[in-house]
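Okay, so subunit A shows up in both of these, paired with subunit B first and subunit C after.
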Partner chain A sequence: MYGKGIKRTGIARIAFLLVFPLLLTGCWNNRDLTEINIVAGLGLDRTEDGKVLLTVQVVEPAAIQSTSSGKGKGGGAQPKPVFIESYEGETVFDAVRGMLSIVDKRLFLSTAQVLILGERLSQDGIEEVLDFFQRNHEIDYSMTVLVAKGVTPKEILEMETDIDSIPAVYIRGSAENTVSRGTVKRILLIDLIKDMGGSGRQPAIGQISKAGEKKVITEGTAVFRDGKLAGWLDLYETRGYLFAIDKVKSAVVNVPADEGKIAMEIIRSKGKVKVAFENGEPSMLTVKVETEANVGGYEGKGALDSPDNLYFLEKTLEEEIKKEISTALEKTQKEYSSDIFGFGAYVHKYHPQYWKNAKKDWNDIFSKLPADIQVDAKIMRTGIVKSPVKKDE
Partner chain B sequence: MLERIRKRSRTGNQNSNEDNTHADSCEQIPKTIEAVNVKLSEIFSGCSDFMHREISCGKKRSIRILVAYINGFVDKRVLNQDVIRPILDFFSNKESHADSRIFEQLKECIVINNDIKEADDMRQAVDGIVSGEALLFIDGENKALVIGVKASQGRQVEEPDTETSIRGAREGFVENLLTNTTLIRKRIKNPNLKLEMMQLGKQTKTDICICYIKGIANEKIVREVRERLKKIKTDAILDTGIIEQFISDSRLSLFPTVGNSEKCDKLAGKLLEGRVAIFCDGTPYVITIPYLFIESIQTTDDYYDHAYFATFMRLLRLMALLVSNLLPAMYVALVSFHHTVIPFKLMITLAASRQGIPFSPFTEAILMIIAFELLREAGVRMPRPIGQALSIVGAIVLGEASVAAGIASNLMVIIVAITAICSFVVPPLIRATMLLRFAFLAAANFLGFLGISFVAVAVFTHLCRLRSFGIPYMAPFSPLTASDLKDSFIVVPIWAMVTRPKILRQENAGGAKGSKRLEVKARP
Partner chain C sequence: MEKARISSTQLFLLLSGFLFGSTVILAPAQGAKNDAWLAILLGGTGGALLMGIYAAIASLNPSKTLVDILKEKMGKVIGNMFAVLYIWYFIHLASLVFRNFGEFICTVTFPETPMVVVIGLFAVILVYAINSGIEVIGRLSELLVPVIPLVVLIISLSLITVHDFTAFLPILENGMTPVLNAAFSFITFPFGETVAFLMLFPHLNKKEKLKKVVFVSAAVSTLLGIILFFRDIFVLGSDLMARSTFIPHLTSLLIPGLNVEPLVDINLLIGGGVKISVCIYAAAKALSQIAGIGYYRKLTGAISTFCVVLSIWVYENVLEMFNWAEKVWLYYSIPFQIVVPLLLLLLSLRKKSKPSNARTES
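Our next item is the complex of A and B:
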């Protein structure tokens, strides 16, 4: 049929081509889905004697399936959708491995939705423990990182919630939700690692705390300085901080007006931080925010029927935002002395020579600089009605 | 190994050649009909359907004619009316057969039938008889007349079961060669439509007809077809499927390099594109050559319907082809290797469906696919009325029971079902897909996506290397022929499809000398 020579070169060609797929990487060990424990949430804390306490929330797929399909097995005890296990280890990796002796299957960490860091651990410093999360190939870099305030990660993970059958999914969802309020710094593992490694910006991590027996609340921000927890920002300070670093997607800002309040819905916002230089030395921190807002609700007695009213409203809104930013900035400067705004990154980028020397003391330099905050707000729409409906008219 | 297979088939053929003789058949036809009679009785001894009758006519019954035929094969009414009666009438008043022109008279002005040939030796005469023609031997002549009075039998022209379409002709080919060629001739009324007859099969002497349109078909391909057909040395041609295996370029490939069809309009279309068809008496399946990969996802409906829908359907079929090959393998690779790429929610669903299944995903997949293939094969082989019952049992066993018993997961049932549905979308490749699926599965279980890509590369390399009568199998993609892309994964409207496929006319088609790959070694 074919000449022999042709056949040989043909095979050689195929063999040559077959080499290329080898360049594609893959995992070589065949492991069935039923042979792994699907981890939904991770908690890390430090014990009093300095060990690492790892808590995992593991999903029981069969239980989830039966609850969601509504086929509860007739009255008997509902199997729990998740189980929680903790293990103390010298290091994180030690704890992960040590866990194997209490659970039946290998832990699969890729599916972890949230990583919750304990307060004590944060105060001791998170850089060391996070190394494992950078090194391990099975870690999903897009998991949400949160710091627990006033509660241990274990307590949060153990919480049974009615909102979602998997608490970790509920926590992640709530953090995502809060982003649209602009009151939590939602940070993914990958961003956190970047912030810690990159120079010029101190990491700030979203805060989680207990809001009830079965509820958590994700509001506020944990401020870190050199990898150690420095303090907290409340929700309004957090929003000011987010306005400045251009992380506000949407928010509701209440503006006092005429014996009432107007709820302004921020629909677009742009923030920029800069450092002004004079004679080769930084002289002023500048924050510039441009924002667009709609009137979401007018709970007061005034009217919104003239351009002057709107102009006045814009000014008030600007003041309100400015106030939030300045409290946040002041707090980080004076109390925590931690540049979470990334002024340092700006200096690094535009004044690299100066940065080289000032890098080490930047947090101190930052704390002493005066700040100029400019906010430009525009009102785009006022809704379907111009003024609130009045009874007496 | 190839060599050994070939050798074995060679010796097998030789064995069967030896008993394939009517040794004395090449000799002259004897002059007296007594001698002819003796000879025929000897040849046809034991053939109860062989009939012969002696007619004596003329005034003194001096003109003697022997009529020989196979009972049931010839139309006796036509034989009596067009042949025997005119002979009796004509000679009723003649004196004797001293007139030597009696043979010519018979041929030219007595026998009414149009289809008359002369047989010069015994072999031709016997061939005529076994092909359903009536033989006239005249006393004193060493020639015989072969008169075509074959009875037309067989089923009516019906809609083919294997290829159905929404629009287009409902006529399908039948077992009768002449009916089939007529069906094509009816569609292409053009003297350039050539029908070359030949006989193949030492024992069966099956009529084969090469059909092409002169001026459109590539002469080289036609010549190559002729050559390859001539080289077929076998006892029996019972179906075009046998011819197909003999003339394929790559006889060990999983993929078909020779197409077949039962539909008249489809075949007419193929001929008009420049393809060559081979009809075979006794089967409704007609071969088309060359056959390219893209043809497996083409249907006649594509050309009768709007181009948008046709294009969509082509893409859908392509997707179905990929899915039916890869889906089980992908699933196995996902759940046994690549957990990291599964989204969290899907992972829970997957894990939940796998919970409590005692088999590995691979074993589970193999079991379910084999169960499905068994069911399919049983459905084909079973008498039709039982088939219905079978499908019900199959659906219940495969679907509900196996899941309820915890042998297979719900998801696997869905996957096998989708795979099965998809495999039926592209009928020409069902068999290739069936085997490739296992290859992909095994590779997926061994190396995950890496393994799948290994097999995929091997398959694609093979496909690109394959030729059908010198035409690259993956044309018009490899080599890329821009103008032929109009009828590939996309279909342009028929009014924009102004040129015939270029690839079929290319120079190195057929058995060009430069291309060694095309050489078909002669088989004994």
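Our next item is the complex of A and C:
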């Protein structure tokens, strides 16, 4: 009896040990770095006959190394660090897989840094094509989404730049540094997906366009209405919009001074949008911004030696920010009638009964409401010096 | 009858792991959308009461398993019939958890691996754990279950910067009905499923602590459920939350610059593992008692294999699984989780109040 027990556990042990080699194989669909095409950037557009045109920018890791070590030698036929391919498909996924007929290795999408949407696609509607990007398990939800203005995504991805060896990384970096300028709406895929959910905020996506042969520029915002491109905001309107929705981290706002301008550096800002109600009906859109700034450059005549100077500057700064917000708000109301500020989300949260009926027509209701914009600016410090150099009168 | 003993801490951790189990991916109170936290709170209260009933049954019938109690209170024939039904219920439950696990892994982690491989390998490990005895499962839970709240904490804290703290508003947008429905389904899944623990309660070394253990674990898992809900809705918003297949997984994808999604897999492995082992253990133990086989370990292999097969066969696709978990499971569970236990409680109380009768009867 005992011996039999030992025999049985012995067999069990061997069987158990035999299971382990299975684990050594790793993932079922394991692929080495050399067996995949590392995608850095994605571009999506529609062709004239309604197909999806997918463009990928694929990194060649080996080439990147050789370019960095080969620097200084000058000239010579160096391999390009990236290659760009496009493919037309009926659907996005169709294009992703179809691409395999022109490239050698499978596309690995998790590393994609940017997704650039074309203008035509945006006018047609982006909701449908973005479904793949929510559903696929390989997609990184935190990639930056941009809309190309006046240029196709393919042209942007094809651009060769000197700034970074991988253009997609350069584009992403440029969009990311909006934290210190506030002139482009940087939106991540996940935020876009959340905004498309119809919770009372229309999506708005950062704008990218070409600034030359080897440069792009990320300034401005594409305004969407029900998933379709409605229009654009320029960089100052974008900043006003970002002030209102509390997305300005830092920025430089110029205010007029005697014979010149003063550059105010925004160091902290808080924005809040609300809707005032009267008798169960919305009566007023309110935007409240509280901001702190430093004097960053005084390029004009005058002096900064008493608090009163700063109080006066605060007033002019408030006016300036208010102007930016109100042009942005007016444009979205009158021209695009799209509530990108998220007033609807506020109504949904705090006046659910009213929202139930108004949900469908909210963009129209929003367009007709008057707005009350309050900006409270505080200027804290003046930097290393107080007054600018005195000019002789 | 083996003399295995588990401590009250181990039972607490087993219960918590069991309650957390597949709840981590299925989010049973989701039907209430923005008000799911209310449903979780109500469901948790109801669930604690239900678990209190199970604990009362166990303490009125010390050292007796569910099968013993059924046989004693309902007579041998009817008792055995009910016991067989319970065995089916435990097996079914185990295979549903297997399937949840398999679907999850095949959707998010290993999309090209056949599900039977995923489930099968998991089953092999669990059979090993179950055959090692309930004491080993208890000690394992001591080691592993504390990882669950730790993971929840890690993911929640990593996401603190992307929170929108008003996302759960408005409150009661669609009235009370969906909340009550969701609360009820939250009682049956996961709280009512702890009826399987009636096979385990006799192993507790300190009987007087049973009720406390049960209530504390119900409270802890309700709290964990609420924390999870708030984290998910703050991060995802109600629309995306309603659309996503596996909510906590999607949440974990959003941590900037850090890939923590395997942590959710780990949570599911631990919670689901505890749940399946308890169910299979309960089924094997019950079957061995009915059939008069002294040694339940002979049955675990067969039962687990059956569970694996059933788990593959039971649903056609992933949406059928969700539909079943949300709509059918709660009605299917009512007799097992509420009707029979209540009946047993009444019978136990009656016999307790008339001890002389009970003695003459037996």
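The rule is simple: the second predicted complex is superposed on the first by the 354 of 393 C-alpha atoms of A that agree within 3 Å, B and C clash if a C-alpha of one lies under 4 Å from a C-alpha of the other, contacts with A are read in each partner's own complex, and residues count from 1 in each chain.
Simple rule for what comes next: a residue touches a chain if its C-beta (ideal position, glycine included) is under 8 Å from a C-beta of that chain, and two chains touch if they have at least 3 such contacts.
Quick caveat: nothing in here was measured; it's all calculated off a predicted structure.
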Query: Taking the superposition as given, does A:142 touch the first partner, subunit B, the second, subunit C, both, or neither?
result: second
- line: The answer to whether subunit B or subunit C touches more of subunit A is B
Query: Who does A:293 touch here: subunit B (first), subunit C (second), both, or neither?
result: neither
Task: Please work out whether A:358 is in contact with subunit B alone, subunit C alone, both, or neither, and reply first, second, both or neither.
output: neither
- request: May I ask you to decide whether A:266 touches subunit B, subunit C, both, or neither, giving the answer as first, second, both or neither?
  value: neither
- request: For A:348, select first, second, both or neither according to whether it touches subunit B, subunit C, the two together, or no partner.
  value: second
Message: Looking at A:190 after the superposition, I want to know if it touches subunit B, subunit C, both of them or none. Which is it: first, second, both, neither?
response: second
Query: In the superposed view, which residues of subunit A touch subunit B and also subunit C?
result: 22, 27-29
- prompt: Which of the residues in subunit A end up touching subunit B in this complex?
  reply: 1-3, 6, 10, 13-14, 17-18, 20-22, 24, 26-34, 36, 38, 40, 59, 61-62, 64-65, 108, 110-111, 113, 138, 140, 169
List of subunit B residues in touch with subunit A within their complex: 2, 250-251, 335-340, 344, 347-357, 360-361, 445-450, 453-454, 457-458, 461-462, 465, 516-517, 519-521
- prompt: Of all residues in subunit A, which touch subunit C in the complex?
  reply: 16, 19, 22, 27-29, 137, 141-142, 190, 193-194, 197-199, 348-352, 355-356
Complex contacts: residues of subunit C adjacent to subunit A: 107-108, 110-113, 117, 121, 124, 128, 166, 169-170, 173, 236-240, 243, 253-254, 256-257
